[in-house]
Amino acid sequence: MTVGIIMGSKSDWPTMQHTADMLDSLGVQYETKVVSAHRTPHLLAEYAESAKDRGIKVIIAGAGGAAHLPGMAAAYTSLPVLGVPVQSKALNGQDSLLSIVQMPKGIAVGTLAIGNAGAANAGLLAAQIIGTHNTEIQQNIEEFRRKQTETILANPNPAE
Amino acid sequence: MTVGIIMGSKSDWPTMQHTADMLDSLGVQYETKVVSAHRTPHLLAEYAESAKDRGIKVIIAGAGGAAHLPGMAAAYTSLPVLGVPVQSKALNGQDSLLSIVQMPKGIAVGTLAIGNAGAANAGLLAAQIIGTHNTEIQQNIEEFRRKQTETILANPNPAE
Amino acid sequence: MTVGIIMGSKSDWPTMQHTADMLDSLGVQYETKVVSAHRTPHLLAEYAESAKDRGIKVIIAGAGGAAHLPGMAAAYTSLPVLGVPVQSKALNGQDSLLSIVQMPKGIAVGTLAIGNAGAANAGLLAAQIIGTHNTEIQQNIEEFRRKQTETILANPNPAE
Amino acid sequence: MTVGIIMGSKSDWPTMQHTADMLDSLGVQYETKVVSAHRTPHLLAEYAESAKDRGIKVIIAGAGGAAHLPGMAAAYTSLPVLGVPVQSKALNGQDSLLSIVQMPKGIAVGTLAIGNAGAANAGLLAAQIIGTHNTEIQQNIEEFRRKQTETILANPNPAE
Amino acid sequence: MTVGIIMGSKSDWPTMQHTADMLDSLGVQYETKVVSAHRTPHLLAEYAESAKDRGIKVIIAGAGGAAHLPGMAAAYTSLPVLGVPVQSKALNGQDSLLSIVQMPKGIAVGTLAIGNAGAANAGLLAAQIIGTHNTEIQQNIEEFRRKQTETILANPNPAE
Amino acid sequence: MTVGIIMGSKSDWPTMQHTADMLDSLGVQYETKVVSAHRTPHLLAEYAESAKDRGIKVIIAGAGGAAHLPGMAAAYTSLPVLGVPVQSKALNGQDSLLSIVQMPKGIAVGTLAIGNAGAANAGLLAAQIIGTHNTEIQQNIEEFRRKQTETILANPNPAE
Amino acid sequence: MTVGIIMGSKSDWPTMQHTADMLDSLGVQYETKVVSAHRTPHLLAEYAESAKDRGIKVIIAGAGGAAHLPGMAAAYTSLPVLGVPVQSKALNGQDSLLSIVQMPKGIAVGTLAIGNAGAANAGLLAAQIIGTHNTEIQQNIEEFRRKQTETILANPNPAE
Amino acid sequence: MTVGIIMGSKSDWPTMQHTADMLDSLGVQYETKVVSAHRTPHLLAEYAESAKDRGIKVIIAGAGGAAHLPGMAAAYTSLPVLGVPVQSKALNGQDSLLSIVQMPKGIAVGTLAIGNAGAANAGLLAAQIIGTHNTEIQQNIEEFRRKQTETILANPNPAE
């Protein structure tokens, strides 16, 4: 296991699945778990504090609304933590984004875009982090990037 | 002690002092403490979990930015928790407000206005809560309310 | 009756029903009534002023748009008042939230999240307030909290 | 007296003075009074309900934050009510604006701009309303408008 | 004709029809016309400048997006002008609202809520303005207000 | 070719097609191409740097979210660049708008409205730019403007 | 004269001076004038309608708040119109920006950034438009661009 | 060199200096350079493309307004890129934040808070990333974290 994906509720899975899919496509191993900052705070503490010893290199946390999961995970570990603002019902994820990104000095969360794009990119950024010391993952990322560039170059006509 | 006032940083004190002042003026006992959700998460857990046994009836938490303190305090206790969004530098407390108020179903935070007015009202609401079972506090509140009404009635001329 | 639930219009009921459901599940008695700050201001004054004598301990008011009901209820009583911002059509409840939470110093409203989650949590917070002096309600809350924690612990796999 | 100017607090006077100044310059009589929706709700009811019989034709209400004064004045009278969103500290009057303008169907408030410009224009619009049946006021308005047009025409160089 | 209802496009009619319906129900005569500030600026000038002589007492203008119609109508007349922010596609009427309400000192627009509620209330406020000098309209408004109050009083149960 | 229309993804075509349609209706020649600032940055550099030599007079770039395409195109050419904020999923194009319009001093993008209206107007503005030195295009624009004015004048009844 | 710079008030000059300065530095001739959409609507019509015959190629309009000047100028001419949102007092130019950029299909305004940067860039974009058919201006722009690039390349150390 | 800190302008240095200070305090080597996405796009391409070969492990990019620097740096490298939204003049960094965080799927930027706190945390997160494979840096981070926790624990009284 090198990446831990956690989310506050099963209802976040349709978003966070894009993280898992990206990690799959880049050959990065990961685990997934429902961990709620508000409803299971002790589990969160235990999860984040033990992550490094279990071989986790990066934690990705997705949450919506008053999204405290990424910031609290970061409070319990010195591993890099990435946050995915899940699109919320009333405020479309503006609340999720601000709750995750506006961390005070001293505890950092690397925040991605609201929703599916951000979830996929959390997987990509986690792979990039791991790739700084893993040649195979690094090559997978460059292959992924090459293909996405080629797809556009090969299909320049927007109306087709 | 019947009210616990906590805040994420000493820099929140100029705001949260209005909570203390209001409780003083209403005759409600309280304690104050710096407790950071991000920098002292274990202290927060311990503080909130032990509050009821120490005789606390209401916890008031003030925080700014990605303000996780009120929601995380609520995660660790079944006492009523009130949240004060401290006015932040870049976003004027819009981030603090959304981070505090947009709690998911199952863990509640009663949120007050951004800044000093909200801090004072957190003290007032805590007193109102305590006043539901304390005649003296209840009378103090009604006296406070009566005076603030009379002050306006006695000074109707805005230009004076 | 220990909780009074009021709302500005029958169209707020699908939201405020979540308050009633939460109170039911926690064993708290309540009454519900349509009271409009704008269309029945005298009824509102009478309702809020008489609430304490009718045995009400907490008033929960839900309203949308220029949501004046919670603040005006608070103006007429010294009981604790909780406000639920109903999700509005054009602005998704941002207007409701600001109209309820940004109260001036001296009259407090404890504000919950926009929409259904906030409505449910208003019920929960009212129960927590009552629970400060009612052991049975207090135990019901702790049982509710325990169950919601266990539900997550028992279902850690988000993809199931 | 033909216009009643009310505001929630003396601190609103530096804004609302622009209403008074405009009415003075247009020859419209007015009265001013501090009336708080939250701290003097009975005074507000009495003020608005008696306004028509005292010869008031238009009520102008200025308030900031969770600005309930204009909407509640409108709830108590069938006279036209104009609302001035006073610029608030944390949110610069965005809360005041939404709290005043987003009234539900059935109770109307004609809302002006945030701050001094809106306060002056509330006086102008009140004069325009009175001017629909008062030739002298109507002429004063047209003279005011003519002068402000001429001032620009006579000073076309922005750098002078 | 005592009220002129204009709108920038036929697509605004589903909103502005609520203005017409309200005026119908209050016995106020009106005319309706498509007038675009951007596409027919000369028609707008002519319409607004001639309105008073045609017996119009109040102009109601509805527009969305960069909604210039109400403000430009006000620029061409000294009659009271009311503005209705039509709910826009991308920004839900936030652009319409700010474009209408934030008028500079010297040209006033009384702005109502975004969308249907605001459209209906524009009709109501226009009637209130006319009612200041028309006993019959005044009585119709009070009857309308009485009925809407009674409807709530007669149906207090939100769940029915 | 006198106008180059580029967009970050094929998914922007339903919006940017309105640009093409407008240019077609005004008799302006154009080319369309998918060019991504993020996924094909070298293609963007090459496209924008070579545009003038290929006879392009105006570049129109449409993009959504963190919309860097218009600003980066402008960084690589001294031709006028127009930007179209495509309506994004979570934030409805507010992110697209700010990412395009808030350019620093020294590199300019002329920004149009969010979505289809902005896309059509980008075509219109490009034609207006070309029309400053092309009588035929200029006449086509004036004919287009005349027709759109006449359409309104001929259909003044909103309810028809 | 090839560029016409207009603004709604002398108070906009400190912003719009940056437009004049940029045009000066690029060798583009221009005129400046105070023209208010709201206070001098006939002057605006006359100004915009006669601009082309006076040799104007581009109109730049700066305005704040409910900023109608750019859109109304565009309504009266087929010349390209650029809009500069002046930073407003309460809303920091968010109202100005939306009032200018959110134009409906059929009348276009190329909008620049809020405040001084946008004002300077309006001058730059106007020069780029003129440069499409003027080699000297085109060369001046490229020289300006070259210098601003070189300034950065020559000063890479941010701390110096 | 293990971290590259770039910023669009020298005016961003007072913010980005907090990144440098944090890296200094954690014992991480870094370089700093002014690189503008808009004014030196070729330098940016060259900088980002060559970063890995120069031994850079993480790029930190700070920018304000239409902040394209982080996203464009990410477009040119497969190294992890962190973005710092610099607080902008008119919109307080809301434009910077959205321009940086709302990246499309396929190119990721880990975004920190607006302003100084975000700049410091970018340094911290970069150190955490490097610390995943560097025991000394990892220990420095844990020491930093321990000290900041102890500082709070040793100073619990907010009023002191």
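To keep things simple, chains are lettered A, B, C, D, E, F, G and H as they appear, and every chain counts its residues starting from 1.
By our rule, contacts are C-beta pairs under 8 Å (C-beta built on N, C-alpha and C of every residue); 3 or more make two chains touch, one makes a residue touch a chain.
Source: prediction; values computed, not measured.
Engineer: Could you tell me which chains are in contact with chain D and with chain E alike?
Structural biologist: Common neighbours, chain D/chain E: C, G.
Engineer: State, to the nearest whole Å, the distance from the C-alpha centre of chain A to the C-alpha centre of chain C.
Structural biologist: Those two chain centres are 34 Å apart.
Engineer: CA centre of chain D versus CA centre of chain H: separation in Å?
Structural biologist: 49
Engineer: Return the distance between the CA-based centres of chain C and chain G, expressed in whole Å.
Structural biologist: The computed centroid separation for chain C versus chain G comes out at 51 Å.
Engineer: By the touch rule stated above, which residues of chain C touch at least two different other chains?
Structural biologist: Residues 39, 65-66, 91-92, 94, 101-104, 106-107, 113-114, 117, 145, 148.
Engineer: Check the chains against each other and report every pair that touches.
Structural biologist: Here the touching pairs of chains are A-B, A-C, A-F, A-H, B-C, B-D, B-H, C-D, C-E, D-E, D-G, E-F, E-G, F-G, F-H, G-H.
Engineer: Please name which positions on chain A make contact with chain F in the complex.
Structural biologist: The touching residues are 87, 92-94, 113-115, 117, 145, 148-149, 152-153, 155-160.
Engineer: Applying the document's contact rule, which stretches of chain F touch chain G when the two form their complex?
Structural biologist: 18, 57-58, 78-80, 82, 97, 101-114, 116-118, 120-122, 124-125, 128-133, 138, 141-142, 145, 148
Engineer: Which residues of chain D touch chain B once you look at their complex with the stated criterion?
Structural biologist: 7, 10, 12-13, 16-17, 32-36, 39-40, 43, 65-66, 89-92
Engineer: Show me the residue ranges of chain G that touch chain E in the complex, using the header's touch definition.
Structural biologist: 8-9, 37-39, 41-42, 45, 64-66, 68, 71-72, 74-76, 88, 91, 94-95, 98-104, 106-107
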